[in-house]
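The structure that follows is given in the form of structure tokens.
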Amino acid sequence: MKGSYRYRVYYEDTDAGGIVYHANYLKFCERARSDYFYQQDASPQRGDKHFVIISMEAKFKASGRLGDMLSVTLDVVHISKASMKLHQKVFCGDKLLFEMDGVYVLTNKEGKPVRLSDEDIKLLKP
Amino acid sequence: MKGSYRYRVYYEDTDAGGIVYHANYLKFCERARSDYFYQQDASPQRGDKHFVIISMEAKFKASGRLGDMLSVTLDVVHISKASMKLHQKVFCGDKLLFEMDGVYVLTNKEGKPVRLSDEDIKLLKP
Amino acid sequence: MKGSYRYRVYYEDTDAGGIVYHANYLKFCERARSDYFYQQDASPQRGDKHFVIISMEAKFKASGRLGDMLSVTLDVVHISKASMKLHQKVFCGDKLLFEMDGVYVLTNKEGKPVRLSDEDIKLLKP
Amino acid sequence: MKGSYRYRVYYEDTDAGGIVYHANYLKFCERARSDYFYQQDASPQRGDKHFVIISMEAKFKASGRLGDMLSVTLDVVHISKASMKLHQKVFCGDKLLFEMDGVYVLTNKEGKPVRLSDEDIKLLKP
């Protein structure tokens, strides 16, 4: 998984401080993870399974504002049948606004972690 | 169904205009509809069925701001086995900020409208 | 103002009913209104003024789902120095999911309605 | 700063996976930080200054679901004139769903970090 995706900052993404609401950087990063799948004619929903995040570290370096065009990158740091670790960055032009490392597992309908299939792994790390 | 519920305006509810983002009044109204059920130890999810809105009319009379404590009312205008119509208002103190009329149907897992049970109706119009 | 814009349905847009959360159709419509301005190298924020909605009527015809690619249209129904009325539709392919008529005014920093400039009107109805 | 606040999980907080959307735990934690101020008749907005997060670490331990009543705690780990570090947990009953450490600074209208006043510190660590 490696890619870069562009999203506009709309009113819905901002708050009364005049900047992007902090939790919304996680939404932009989720959109990029999903778009990675859609771009390959696949879905982030793997059959009846969903990826869920189990831990993250993030740095908020600068603030996005209404109308900014953001670029969101993603890179696989590590992937196994049990989990994957991704590194993502959010830029406005050359300026780094946000970066996060997140660890994800695949869960079944009951919410229990299950193993990634060979196909999942191939899709994520071609 | 008749009630009044209180919700605070947080940063997440506002936008760069410094006021409550317009779509979020619909969220406050949904919370009140749900709290009506929770207050009676029931769930807005009726078994595996969900209420969905099919039409609405709304007026945005004044703007809520960060920190405002809102009151959201709801009244049944009409209810039958096929659908229900609710009138809701959002106040900040005595000041009316928003009001809407919404028509709702109950849908099954496939998203098809189904009839409300006698129990649903009793719960909604005791 | 006349245009059509495309937005993907991500996890953030859906709810536990498995469909797009009703208030989020208003967000998709707001994105389209904003993109109309951005497309012309203008901002939906007019100097220190913002457009706000004062009334709306909407119909929810069918439900969007995770991964759907939506098209959002907009048309000016009426525009004057005092207000404008827009009609917007949200489609998934050929299927109409949502439509709304909204009336908007321009407000200053104090939240008071002000007159649209000739430039605003030219931008909105070229 | 030390406290515990209760919030319901509504439809708006969930996603098509049937669980609370991951970014929304950050919203619940922000509500608790704000309610700490409101509870003392103060505002999280300090004059024309706002707190912003600069880094965080989080663990997602279990999933909240529609209708859950969540408890959100907060504790000051460290506070100085330059920044503060808070530890927050989100519970459903006795079950820990989420915990985060966040570092916050106070910023002025231009978005630049400024020093916390003695009054701010007294409010946050009485």
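Letters A, B, C and D mark the chains in the order given here, with residues in each chain numbered from 1 onward.
Note that in this section contacts are C-beta pairs under 8 Å (C-beta built on N, C-alpha and C of every residue); 3 or more make two chains touch, one makes a residue touch a chain.
All values derive from a computational prediction rather than experimental measurement.
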Seminar exercise, completed: Chain centres computed over CA atoms; the one at greatest distance from chain C is chain D
Exercise. Between chain pairs A-D and A-C, which one is joined by a greater number of C-beta pairs in contact?
Worked result: A-D
Exercise. Where the centres are mean C-alpha positions, what is the separation of chain A from chain C, in Å?
Worked result: 26
For this session: Between chain C and chain D, tell me the centre distance in angstrom, where each centre is the average of that chain's C-alpha atoms.
Result: 32
Seminar exercise, completed: Chain-centre distance (mean CA atoms) for chain A and chain D, in whole Å, is 22
Problem set entry | chain C, residues touching no fewer than two other chains | 11-12, 16-17, 19, 23, 27, 30, 45, 66
Exercise. In their shared complex, at which residues does chain D touch chain C?
Worked result: 11-12, 14-19, 21, 23, 65-66
Problem set entry | In the complex with chain C, residue positions of chain A that touch it | 8, 10-12, 27, 30-31, 34-35, 38, 43-45, 66-67
Seminar exercise, completed: The chain A residues in contact with chain D across the complex are 16-17, 19, 22-24, 26-27, 30, 45, 50, 52-61, 63, 107, 111
